[in-house]
Amino acid sequence: MSRLVPWLTVGPAVLWTLLFFILPLVLMAWTSLQPLQGDGPGLGNYVAFFTNPSYWRALVNSLEVTALVTVLAVLLAYPFAWVLAEQVPERWQRLALVLAILPFWTSYLVRSYSWLLVLAEQGVVNGALVGAGLLSEPLRLANTRAATVIGFVHFFVMLLTLTIFASLKQLSPSYRKAAADLGAGPLRTFVYIVLPLTLPGIMVGAFLTFVLAIGDYVTPQILGGNTELLMPQLIMLQIGRRGDFPLASALSLILMLVVTVAYLGCARWLRLERV
Amino acid sequence: MTATVEVRAVSHRFGDTVALDSVSLAIEPASYTVLLGPSGSGKTTLLSILGGFLVPDEGAVWIDGRDCTTLPPARRPTATVFQDYALFPHMSVGGNVAFGLRMRRVARGQRERRVQEALGLVGLPDAASRRPHELSGGQRQRVALARSLVVEPAVLLLDEPLGALDLKLRRQMQDELKAIQQRVGTAFVHVTHDQEEAMALADHCVVMNHGRIEDQGPPERVYLRPATRFTATFMGESTLIPGTVAGHRDGRVVIDTPLGRLEIAADGPSGGEVTLALRPEHVRNGPADGDGVPLGTGVVAEVVFQGSFKRVTVQGLAVPLLARLPAEHPVRPGDRLTLHCEPRHMVLLTL
Amino acid sequence: MAHRLPRVVGALYAALIYGFIFLPVVVLVLFSLQATTLPVPPFTGPSLRWYDAVLSDRRLTAALGNSLLVALLSSALAVVLGFLAAWGLARFRPPGSGLWRALLTLPLMVSYLIIGMGLLILLNQLGAPRSRVSAGIGHVVINLPLCFAILYSQMGEQQARAEQAARDLGAAEWQVLLLITAPMLWPALFASFFLSVTFSWDEFIIAFLLTRFDTTLPVEIWNLLRAGLNPRTNAVGALVFLVSAVLVASIELVVLRRRRS
C-alpha cells in the first residue's frame, strides 16, 4: 500500500499532463505533416513557411515586437521598482506596489481595448492634442505597431515591476552597507553590487515577458489591427478563415521552437525552479 | 527479565558511508538509555531505525517480543520526540496531544481525560487551548513529550530533545525528564552529544563512534573504567599515556611508559602495546608518597579558569598532562609543578 | 539640496509611470459613465445608462455565470492535482522525479494559443463537442503547472518533520495529507487557488477556441470588441475592474491583518 502512495499522488497530474498537453502536441506535430488537400504526409507546410515571405515576415515581426517590448519594459520597470523599494517609506510600500499592479487585475481584453480608447482617432490623446491646437489633423495612433508595443509594455511593466521589486527587497541591506563601508559611492554600489545581484530576477522577468508576448494573439489583434501580422495572428488566420489546421500546426511548432531556443539561450541565467 | 528492545547485529549504510556497523543492543524495561557520541557516530541513525523511519540494511529490531524491523512508525509501539519537536503549528496544544489518540480512535471523553493527564504530567495543566507558537522553547519541549507519552508507547525515543534549549533550561529539563521517566515507567532512549547530559540521565549509557558501540554500561562504570581510548577521551577528559606490557607481578601488570615503569592492579595482556588513561581530577599536586605513582615535574603551559576548578596543562614531562587544581590555587603559566597519582586511578586500555 | 535631487527625480518618474499605468483604466471608467453612443471625449456628464444595458444583457450575464463556473471548478481541480503531485514528488522522490517535475512545469513555457489549438485538434480527432468542459480542461492544463510549482516550493523541512511525527503517532498517509500537510500549507493552497481563478477568469484564447454556445465572459467581451469603440464594452470592463479591485483589496486586507496579529 505505502509503495503505491507516490504513484497515487503524482500519477493523476502526470496523466492529466500527458493526456491534455503532450498528446495534443503530438497530434499537432502529426497534423502539421498533413497537406490541406491532395498528396500524402510530408514537410510541405514547413517548406511553405520558409518559401512564402508573407509567412516568415510574421515571425520576423513577432521577434522585433517582442524584443522591443522586453527591452522597453525592463528599462521602464527597473527604475520604477527601484524607487518603490528604496524611496517609498517602508509602511507605504505594499500599498504603492498593490496600486502599481492594480490594472493588472482587469480583463486583458479590456486592457487592450482601453488603449484603443486612448489612441483612437477620436480618442483622448488626439482629442487633447487637436483641442490644444497642436495638431490640425488627428494622428493615426491605433492600428499601428506602436499601439501594439504600447499595449504590451503597459502590461509587462506591471509584471516586471513586481518581479524586480521582489528581487530588490530580497537583497540583504548589509551588502550595500558593506560596499559603502569599503568606500563605494551610491553609483558604484549600484553597478557592482545591486545590479548583478538582481540580474537573475530581471532575467526571469524578461524571459517571462518574451514567452507571454510572443504567444499573445489579443494585443496585436486589437491594437495593431491587420496592418501587419504577428505569428499568433497568422496562426489564428489559418484556423479561422481557412480551417487549415496543418499549416496552423506547423506555424505553432515553429513558434514553440523559437521559444525553446530562447530558453536554451538564456537557461544559464534562468533558474526557474528557484522563482 | 526480557529486554523491551533488542537490536540484533544491525548494519546500515548511506551510499559509501557506513552509518552503523553490526550494532547489537538490549534495552531493559523502565530503563533510561542514553546513546552518546559525536556527530556522525551513528546514534541518530540507530534511533531512526528504532523508530521505524529507516529500515536497516542488515540485522533485526525486536520490540516487546515482536520483530519490528520493517514495520512503519505508525505500527510499532514506539513514539518519538523530535529534535525540533515537530509540533503541529495549526493545532492547539490540546489538539497536538490528542492527535495520537484520535488516530487510535479513542472516544472523545476518554481522549480529553488522557490529554489532561498527560499535560498535567509534564507540568502544563492549563495549556490545552494555547497554540504552539505562543509557548517558550521549554514549554514546547514538554508538549512534545506529552504528545508522545499519551499514546503509552513501550519505548519513548528522544532525538537530542534538549539541543534547542539554553544551558540553564537544559539542566532543568534534564532533571524533569528523569523524574517523568521514573513516574511513567516507560523505557526512554535518548540521543545526545552532551556527555554531562548523558551521565545525569542514563541508567545505561551507550557510547558510539564511527557506527560502532565503543562502550556501554552504567555511567559511573563507563566514566571511571572506560573500555576504550575513545570513551576515555569523549566521556570527560583523560590524558592518554602509551606503554608496553613488560610482565606480571602479584596480580599486577608491569608497564613501561615514558613516565617510567608503572605497576597497575588489573588483568592485562601478557605483552604488547597498551594505553593508560588518567583523569585530570585524579592528578595530584606534590611529590608521590607511599603507594603513589610519581609523574615527574613539569612547567605549566596553560591555565583555564573553569569556575569550580582550574584546568592546567603541564608540559616538559615525557607526556603532556592535564590536571585540575582548586579554583583558589595561585598557579600561573610558567610555574613548576611536581605531580603524582594513585595507581588505582590509572585505567589500562587495550583498545 | 544636492542630495534631494535624486528623490525629486525619483518621485517624478514614479508619478509618470503611475500615470502611464492608470491612464487607460481611468479613460475606460470615465467614458463608461457617459450616455453617448461613442465613448470618446468630450465628457458629457455622468450616466449609468450603459451599466443598465450591460447588466440586463442575458448573454453577458450567462457568460459571467459560465466564467465563474469554469474558473472555480478548473482551479479547484488544478490545486488538488498540483498539491498531490507536489507532495508525492517532494516526500517520496519516486524514480524519475526530475523528469516528472519537468513534465509538470513544461506547459508554462507554451503559449495558451498553442495549448488551445492542440486541445481543439484532440477534440476534433475524438469527435467530442466544444463546451464549457473542454474549456475547463484547457484551464486546468495552464493552471496545474503554476499550482504545482508554488506548492512544490512550499514543501519544506518543517512540514516534513510534522508529517513524520504524525505518522509516528499512528496516522495513515491520507490522514497525514488531510490533517497535517494541507492545513499547514493553507496559505499556499489559497494563493494558488486564487491565482488560478484569476487566470482562468481572464483567459480568452482557449475559451474562444474550445467553447461554442456556453461561452465565457472574455469571449463575449471579444464579440463586443468587434463593434469597435462601444460604451457597453467600457461598462463591462469597468465592472470587471471594479470587482477585481475590490477582491484584491479585500485579500490584501486579510493578509495584512493576519500578518499584524
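Points to keep in mind about this one:
All chains are identified by letter, namely A, B and C, in their written order; residue positions are counted from 1 within each chain.
Quick note on the criterion: contacts are C-beta pairs under 8 Å (C-beta built on N, C-alpha and C of every residue); 3 or more make two chains touch, one makes a residue touch a chain.
This structure is a prediction, so every number in the text was calculated from the model and none was measured.
Interchain contacts link the chains end to end along an open line, per the touch definition above. The most central chain, judged by C-alpha centres against the centre of all protein C-alpha atoms, is C. The mean-CA centres of chain B and chain C are about 56 angstrom from one another, to the nearest whole unit.
One finds 61 Å separating the Cα centroids of chain A and chain B. Work out the mean CA point of chain A and of chain C, and you get 17 Å between them.
Among all residues of chain B, those that touch two or more other chains are 72. Chain contacts: chain C has no residue touching two or more partner chains. In chain A, the residues that touch at least two other chains are 2. The part of chain B that touches chain C in the complex is made up of residues 51-53, 72-74, 78-80, 82, 84, 86-91, 99-100, 103-104, 147-148, 151.
In the complex of the two chains, the chain C residues touching chain A come out as 7, 10-11, 13-14, 17-18, 20-25, 27-28, 31, 38-42, 81-82, 84-85, 87-89, 91-92, 94, 100-101, 103-115, 117-122, 124-125, 137-138, 140-141, 144, 148-149, 153, 173, 198, 202, 204-205, 209, 217-218, 221-222, 225, 229, 233-234, 236-237, 240-241, 244-245, 247-249, 252, 256. Put simply, chain C touches chain B in their complex at residues 158, 161-162, 164-172, 175, 179-180, 183-184, 186.
Those residues of chain A that touch chain C in the complex are listed here as 2, 5-10, 12-14, 16-18, 20-25, 27-28, 31, 76, 79-80, 82-84, 86-88, 94, 98-100, 102-103, 105-111, 113-118, 120, 122-124, 127-128, 131, 154, 157-158, 211-212, 214-218, 222, 232, 235-236, 239, 245, 248-249, 252, 255-256, 259-260, 263, 272-273, 275.
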